[in-house]
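Next up: the structures, one after another.
Shared between the two complexes below is subunit A, which has subunit B as its partner in the first and subunit C in the second.
Let's turn to the complex of A and B:
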């Protein structure tokens, strides 16, 4: 009870000295979950990735076998292409739309639009894919004339393998972009008014202000968005999985790396192979997250 | 920035001659009522149409979905895509849908609610004290815990699905509701949000004052910190609920039996019974309007929360990544 004895000046804070038990007690439950469902699974993945079904250490053989699977390189290519489309469209359209919304003179319209853009976020997951299966089926789609103008007359033509990266991008953008637009808009609002005023007096029009002032000041937010979208996009699963259900395996089967892990584990009974591919995905997302936390100063860990 | 502004007039002067946008600006400054230049009007038109095109893109599918549930499969194909069917058809579709596997849709909804709510409760009980302790107390390993939390928070949940399966399988919990409730309950983003909230919104001196008055550590948390934390509790609750409700991959792997599925997986399952998507669907066929209705039903809880928590959630999304 040191704090009671000394009437401390404002400079010194009684910061839990001698109360060492309180912090650990409050975090105990969380640490338990963190270990059980954040750290331990990683340990399991490593263990299974380097052993065989009998539990014997096998070095990198699981990695080699899975990488030689005929579907592996294809899946890697699919995910890479999808990521390219997804990240480019996200950066261009999210930043562009946020800038346009920010220039609207009516705050109410801007707010309403942001909300409308955000609504599809409620359909995250399986629901968004189901909705888009309908949107992409020329027999029932409200934009069937658009699909036909693009030369697609049947659902089968729409979901041709070459179109899938674009289709998955459209679905992901539809559900996810609204949230990012809201974030970018908020970041734009944080740019001090006198900076924009200075640019205006300096003779910069809307384009110049956006390009030379606003976008550079959004940079760290754009990086944040790209990092999270990259990590999330690399995990592509539900879109191709449901598509393959909807097309009897014609399109979207074994399309992404995560689908491969699922297939290895549950169709081919090769848990160790699944763990190896999972570990590769884990290494990507942990290192991306780690580098970002360490380098960006975005999350001020104090 | 007084120095910059004072330097500006000289800097702008030579530019006015060649920069058309600066010209139009000078015109506007001299008389505000003067008609806008052609380029300005056209750029406004362009901006307006881009924003409108995206409204259509984001809203049209939702609108279509709402209307599709009121139509028959015939109407879906032949009527105007944005026409309204009838409430009678909506009721018929609901009857047909709830007849699927003797009311499976209701069971799935119940499962989703159970999983999402139990996880939500555990998440709150665990992450609010943790965020509080990280922000307001000192202990060994605090910094490590914080950094670990950030890294895990930035990892997409799908990364851990197969590793979690291996672990849960070893613990013999596959097929029980704990196989998804426990992983859902681990919600580092919630801890981070609470941490941010306490560091920015609650002054440490306030807690110190309570301690001086003889309050115990637990008392400080319960009587001072917790009542102040209501907004962040609601926020964490919202995000956790939405994340739990919309998760697909984890329950897809952990709970393969139909009677345990949450509605997201269930609706995906329903898809395979629609003949237009799966010609092998067989006798227990589901029609497309029923699938649309099922999708609608599956998202309604999240949609409702969205509508009510709109303002609130925007602030939370920003708080997720900024301390100010």
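Let's turn to the complex of A and C:
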């Protein structure tokens, strides 16, 4: 797990070494899959987004009608709020915990913690959400006393509309952050020891080292994490959808944009409208990624 | 690297599905069809009949298989579209795109499937030759109304789900109360129970179908389907507000629960506290016997209370399930035989079915079988009377009333808001959902 070490950070390999068939061969497999499962479906979705059910070009009318749906603005607000909670908690806690792990690098404890952080990530997405559905129901939860101390006696109270962004953030953090902590830990290990030692000799304590040396050197990794977490978070679907099933529709129905596309496609027989919303999600995610990449000089070699 | 790779895996699966759809949509060739029984039928072949049922109807399919070992049945269980999950519709949309995969016969716990399944080209007309007219004629009056689109029957009703007043007979006697005949008496009894026996319940208002029990019975015009794509939703009428007020009072004094009878807290904390419980016909089997495990010789049934002075008794209805036959079936003969058996045969409907059969001869038999089983106190005659009293002013639209109530009113109830205060928001939500399905809404 810890061996997922940076391909980007160590850019000092002699250029041109190992050129031949191996590189293109490795890339070809990826490109093939990318075209089949990434580029072609996107093209298909674009075509759908600008046509009607009969295949006639309709301009932006699918975008307009879906944006006018009474659930659209709510869903947009929900996703925006969730992204705020999720990205902030992800950056703060993942970086914090990774730094902590790195300081504890003395063998056993660190190993145990890394394993512990990673375990939830090993569960498949839907399964880990189901775990939380049990955790959050005071009648069956192993931490029911904690829920009751917080004033929640029934599942209905726990899943009140105002609590949802926090709940989804907690679930997403628990399932997704472990992997990132391990990645960040790997990146921290990649910072040369002499840099840290120089900082120590200059009189920097743990805080100063973290703030002025380690975090700046993690910048690209943090940007990478934010880009992927943003794209994943904007596509919020599994958590609210399962919650809506578990709560028989009380909470989480039509909560996110992706759920709305699902409704458009499969309940209102409007695949074209669904494609239009999915295009909007794609454009937003790609733009955000573009801004982050440009601002952080992500692709610059060190 | 678990995060990106997992998201990517999901994306890949989705894209693979999309691509598969695209390919098969392009490469599909139209098989030859012959028009018979009122629709274009595909070439008939031998092979397994695929039957989709929910968990409650699974024994029916298994029983058919036992009685007809020569028929190849492929039984698939799904959620039965419970609480308006729309699973069936989702799948049919996908199958329509891929051009294959439709089940031959499918059960749904919802009554509004015909509203979309006909447009989607899925449901086969049943009264044009597949099911004999005299069989159709023996269904309870109005039972197949929810299945009828433009005068053609597209599904068969499984059971009627007329609401009645269930009660715990020994407990009622022990407390010295009598069964309320009017809503006014019901309200007084609720107040008495709250004062004298706190913790005991005269009803539950926490399910997504709660309005279909109380507000429908009270003739509240929240869901009046006036045409194929027209609905009147007016929750401000007196019939709505007086019932909402009654419920608010009982919820406040805690003699009416807001948990929902299938919730984990109800089973854990309130299962043995049920004194009275207005609910549909299937409560007897599905709730008291199977979910709450109420003892034998405890539960009895009485007519739904009526408002004082109301001369036309009315009650509500919760679901009641429908069976649909696929137009795309390549095994129509076997599928139709199964459909006929499962909706009309005494072996299942007349004896084993958990709900009140929609097929009248089976219902007669069912009532006798229930009386003979000895689970209930007294007879279930009130169910038979109620079967013709379901108020016709509440319809089955394409939008799910249950889903709307669950998302709009239930969260407020949990947080202590009254139903009366939420009636306008409820009406608003019904209007918006109906409009998004292309309904013309009057308020």
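Definition applied: the second predicted complex is superposed on the first by the 247 of 302 C-alpha atoms of A that agree within 3 Å, B and C clash if a C-alpha of one lies under 4 Å from a C-alpha of the other, contacts with A are read in each partner's own complex, and residues count from 1 in each chain.
Everything that follows uses one rule, which is that a contact is a pair of C-beta atoms (placed from the backbone, for glycine too) under 8 Å apart; a residue touches a chain by one contact, two chains touch by 3 or more.
Remember, it's a predicted structure, so these values are computed and weren't measured experimentally.
Once the two complexes are laid over each other on the shared chain, residue contacts for A:269 go to subunit C alone; subunit B is not touched.
If you count the residues of subunit A touched by subunit B and by subunit C, you find the higher number for B.
By the touch criterion defined above, A:206 reaches subunit B but does not reach subunit C.
Within the superposed three-chain model, A:253 lies in touch with subunit C and out of touch with subunit B [touch as defined at top]. In the superposed model, A:133 makes contact with subunit B only, not with subunit C. Once the two complexes are laid over each other on the shared chain, residue contacts for A:36 go to subunit B and to subunit C alike. Judged by the touch definition given at the top, the superposed model places A:193 against neither subunit B nor subunit C. After overlaying the two complexes on the shared chain, residue contacts for A:69 are found with subunit C alone; subunit B is out of touch. By the touch criterion defined above, A:151 reaches neither subunit B nor subunit C. In the overlay built on the shared chain, the residue A:161 is in contact with subunit C alone; subunit B does not reach it.
Shared contact residues of subunit A, touching subunit B in one structure and subunit C in the other: 4, 33, 36-38, 40-41, 44-45, 118, 121-122, 124-125, 137, 139-140, 178-179, 183, 228, 231-232, 235, 245, 247-248, 262, 265-266.
Those residues of subunit A that touch subunit B in the complex are listed here as 3-4, 8, 13-17, 19-27, 29-31, 33-34, 36-38, 40-42, 44-45, 48, 93, 96-97, 100-101, 103-104, 113-127, 129-135, 137, 139-144, 174, 178-179, 182-183, 186-187, 190, 194, 198, 200-203, 205-206, 208, 221, 224, 227-228, 231-232, 234-235, 237-238, 241-242, 245-248, 258, 261-262, 265-266, 271, 274-275, 278, 281-282, 285-286, 288-290, 292-293, 298-302. Listed in rising order, the residues of subunit A touching subunit C in the complex are 4, 33, 36-38, 40-41, 44-45, 69-71, 118, 121-122, 124-125, 137-140, 153-157, 160-161, 176, 178-180, 183, 225, 228-229, 231-232, 235, 245, 247-251, 253-254, 262, 265-269.
Of all the residues in subunit B, the ones that touch subunit A in their complex are 1, 4-5, 8, 11-12, 15-16, 19, 21-22, 25, 43, 47, 50-51, 54-55, 57-62, 64-65, 68, 76-77, 81-82, 125-127, 129-130, 132-134, 136-140, 142-143, 145-156, 158-167, 170, 182-183, 185-186, 188, 191-192, 204-205, 208, 211-212, 214, 217-218, 221, 242, 246-249, 252-253, 264-265, 267-268, 271-272, 274, 276-280, 288, 291-292, 295, 298-299, 302-303, 306, 310, 314, 317-318, 321-324.
Against subunit A, in their complex, subunit C makes its touches with residues 1-4, 6-7, 10-12, 14-16, 18-19, 22, 82-86, 89-90, 93-94, 116, 119-120, 206-208, 258-260, 262-265, 268-269, 402-403, 406-407, 410-411, 414-415, 432, 435-437.
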